[in-house]
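Next, two complexes with chain A in common: one pairs it with chain B, the other with chain C.
Moving on, here comes the complex of A and B:
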């Protein structure tokens, strides 16, 4: 009977394999369905923590600096992420505002906070309090983080409006772009190896 | 020789292994921090401005502009604690720091339509914004009170401010134009009641370079409305401009007799006259007050009625009051008047010179007037207009009037009065009526009545007795006349007889003539008789 910790289950077809260690540029693939089982994790815990902190900093800017401002005939308007949620909530479908708040603000913020929390303790080679809860939370938050969708939407809006109005991309948009990239990089499912290490 | 195998080099473990990856968050932090710092560096002062209403103000949207350049933004709008105003918090940009000085002005620019024109039309599209005007004070302030309307002039404009004192505001308003020789050179920028409420102070602004025309001698007058003059030359209509007619306006000029003068200083106070004529009139000089007591009713004598001396107007009535005289148990009318002796012109000047009399010496003035009264100076209420019954006061000499003692110590000096012309006529008429009423009308009427009775009796007798007799007499007369007529008719026997008698008479006269001829020729025949031979 092998230990369960040495086994890995394909998340698409439930085939069970034994874990292997991977080198750079390597990944293990399920024989049955071709789904990716494991990837080489190139980042140390410390690096991941650093990137998480970066994400937190970027998040602050993305939230407090306007994503873009528009100007027409002397009338100008600018909006931050939070403003967009507020404006949606005043519209006809308040529910959309709730979804938007969840996907572009609450989920990313929670993700980054949980990552920092877990990784900070991992640096000290300890399990953080409520480690299992945090890890499961991270996993369940992942599909709700749609910051990159928001970024795409903002970019589309900038390009489409540019013909009609004067559109000035704000500092928030750049922070948002960087944050999206960083979050994709660190908030993938590679946090699972923490289970093994700690 | 045996070689010792190489010893492994001692390993030193870094206790604290910091990965290079930490540069990433540090760079992010630095970039962000630089952003924050730059923003903070650009950030100007934060002010709170109190407005009466928040109309047109939107947080994070309403801009603060100076010369239509954005210098700040409203960040929040709150109701004041006392709920009587609205507090707008404004964040200015760094270069607009001078707008935080104590005497800066802020107002909300909205579309406005006034007599002077339409302003703020662009705000219809862009929404209201807060207009700002930088102050010049070095002291900084954080709380400002917003103006309700844009200030008519901004600090940048060069010119001078002056103050005008007026009894009332008239039709003036902020922004009313000020004309110099019919050219608009400035405007009214504010007005306020004086502390005692007795007059109005109007602040005006004259733009450079026209402000040099305001001299120490300048006179300001109200150029609003239409000035219609009706005199011997006809009707003259005078207006400054259509705008002045609608919105009111002021004009100023130096009078001809004092055209040159040093330029007026900033903030100098002038008197505002009601019209051009009174503004440019020669100075009235020192005012003297006189009191007149009239024993008859003065219906038609109003305050501001003119006071004339020998037909020259030189003052006006300031009060007409009814008094009670305890000694005479009567109600005299006390009239107070102000007179300006200077208006008498050369007469006054010459008189002063001749009498070596200073106009400031009250007692000397009183003595002079007492002297005049001794020579018959009297005041009289005369009718200026027979239709309306308006009265004016006339001072004149009546040498025949009985002397009246003047109390020289009394102030104001009292000048005795004589009844008015109309009153005199009335008096005479009264006397006539009195005499008439003294006639023994009763007895006259009784006598007349007796006479009439007798007359009636006489007439009755006449009717009864005389008239019938007269009738018969007339009839007889008629008969007589008829018979006379008959007698005189051509074919009447009397006429025939008469003709015959006449013929006889003619014949007789002929024979008489013959006789006389014969006698002339033969006078002896008178004695001897006619000879037989001499037959005629």
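Moving on, here comes the complex of A and C:
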């Protein structure tokens, strides 16, 4: 086991390589299939924990403040992410509300909570309790986090409605934008390197 | 360039839970590091991938025919399909938004249908045609996959906003359920496929 942990297997074609240390902006690529094997992880554990906490704070804003509001003939209305999930849950299409909830609420929230938990213990150079479970959780949640799609969706919605009525972007939209950028940095495939560090 | 050795010939198996190269001596069932089950290849990859893909393909028909939302505003009301929404933007002069929605709702799913079918058929035929390009195609499908959820989220946001009694309401309609299922099933199809099978079936290259 001590020996194989220095090896890296290409997940796209099964080729085996020895791990190398990379400099900034470098990545190693499989000669056989062209897939990325390793990426340089630029952030320290401390920076990643700080970003995770930032993400948690942004998440509070993104969830409790309206993403945008509209105004028509003196009447106004606003919607949060949660409102958008709820509107889908009415009638025969409830299942899609679950999918939407998973992609814009459940997956990102769990990812941030798991990251804070795992990274807080990593600061103490320890594996957190249930480390394997948390890491595998992060691994399987990753494809279902669609916050950046939601961000583009919000921009499309603004333009879609702007022709009919007044649309005012809300604090939630700014938080959503910042949050999706932060999550790209901290919730990517790079979390795997904790296995080697701890 | 020297060909790298293959994991299977070194009796190593990649763990999909944590990325460890596991030594398969003694046939361990689970990864020693993270406990995820180990498989040489994803189980029933081709059959599962086809099943999800065909389900998505069937659902794509109602997703396009059935309205995704119902608008009643300024005295008029009616349902609109995904293509209807694209056409509306186009006619209204917002060709850029029309293009974004068209790419996300029609382009991406169709690329996935064609791309995954191509990968599955060529893999079943054990051809060594365009191996590298097929591996790249798989990665491309993996990356673009979730962007087709765009329309579902747009409808959700718009419907949540426009709830103003007499003045106007927008409501989601079953088309959005079908469309969401198409996205989920194509994602599951891509996840079930094992790109290593592309290389397994091919005849080994002989250098020199």
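Simple rule for what comes next: the second predicted complex is superposed on the first by the 194 of 198 C-alpha atoms of A that agree within 3 Å, B and C clash if a C-alpha of one lies under 4 Å from a C-alpha of the other, contacts with A are read in each partner's own complex, and residues count from 1 in each chain.
Everything that follows uses one rule, which is that a residue touches a chain if its C-beta (ideal position, glycine included) is under 8 Å from a C-beta of that chain, and two chains touch if they have at least 3 such contacts.
These figures come from a predicted structure and were not determined experimentally.
Asks: Is A:171 touching the first partner chain B, the second partner chain C, both, or neither of them?
Replies: In the superposition, A:171 contacts chain B only.
Asks: Output check: A:53 vs chain B and chain C. Expected answer is one of first, second, both, neither. What do you get?
Replies: Only chain B; A:53 stays clear of chain C.
Asks: Output check: A:129 vs chain B and chain C. Expected answer is one of first, second, both, neither. What do you get?
Replies: So A:129 meets neither chain B nor chain C here.
Asks: For A:8, is the partner it touches chain B (first), chain C (second), both, or none of the two (neither)?
Replies: The second partner, chain C, only.
Asks: Look at A:77 in the shared chain and tell me whether it touches chain B only, chain C only, both, or neither; answer first, second, both or neither.
Replies: both
Asks: On the A-aligned overlay, A:44 touches which partner chain: chain B = first, chain C = second, or both, or neither?
Replies: Once the two structures are laid over each other on A, A:44 reaches chain B alone.
Asks: Going by the touch definition up top, name the partner, chain B or chain C, that contacts more of chain A.
Replies: The larger set of chain A residues in touch belongs to C.
Asks: Touching chain B and also chain C: which chain A residues?
Replies: On chain A, the overlap between the chain B and chain C contacts is residues 73, 75, 77.
Asks: Can you list the residues on chain C that touch chain A in the complex?
Replies: For chain C paired with chain A, touching residues are 1, 3-8, 10, 12, 14, 16-23, 32-36, 73, 85, 89, 92, 94, 97, 100-101, 131-132, 135-136, 138-139, 145-147, 149-154, 156-164, 167-168, 171-174, 176-177, 180-181, 184, 187, 191, 195-196, 198-200.
Asks: For a test of understanding, state which residues of chain A touch chain C in their complex under the given definition.
Replies: Per the touch definition, chain A meets chain C at residues 1, 3-5, 7-17, 30-35, 67-70, 72-73, 75, 77-80, 83-88, 90, 92-93, 95-96, 99-100, 103-104, 132, 135-136, 139, 143, 146, 149-150, 152-154, 156-157, 159-161, 163-164, 192, 195.
Asks: Name, in rising order, each residue of chain B that touches chain A in their complex.
Replies: These residues of chain B touch chain A: 17-19, 21-22, 24-25, 28-29, 32, 35, 61, 63, 122, 125-127.
Asks: Sort out for me which residues of chain A touch chain B in the complex.
Replies: 43-44, 46-47, 50-51, 53-54, 57-58, 60-61, 65, 73-77, 171, 175, 178
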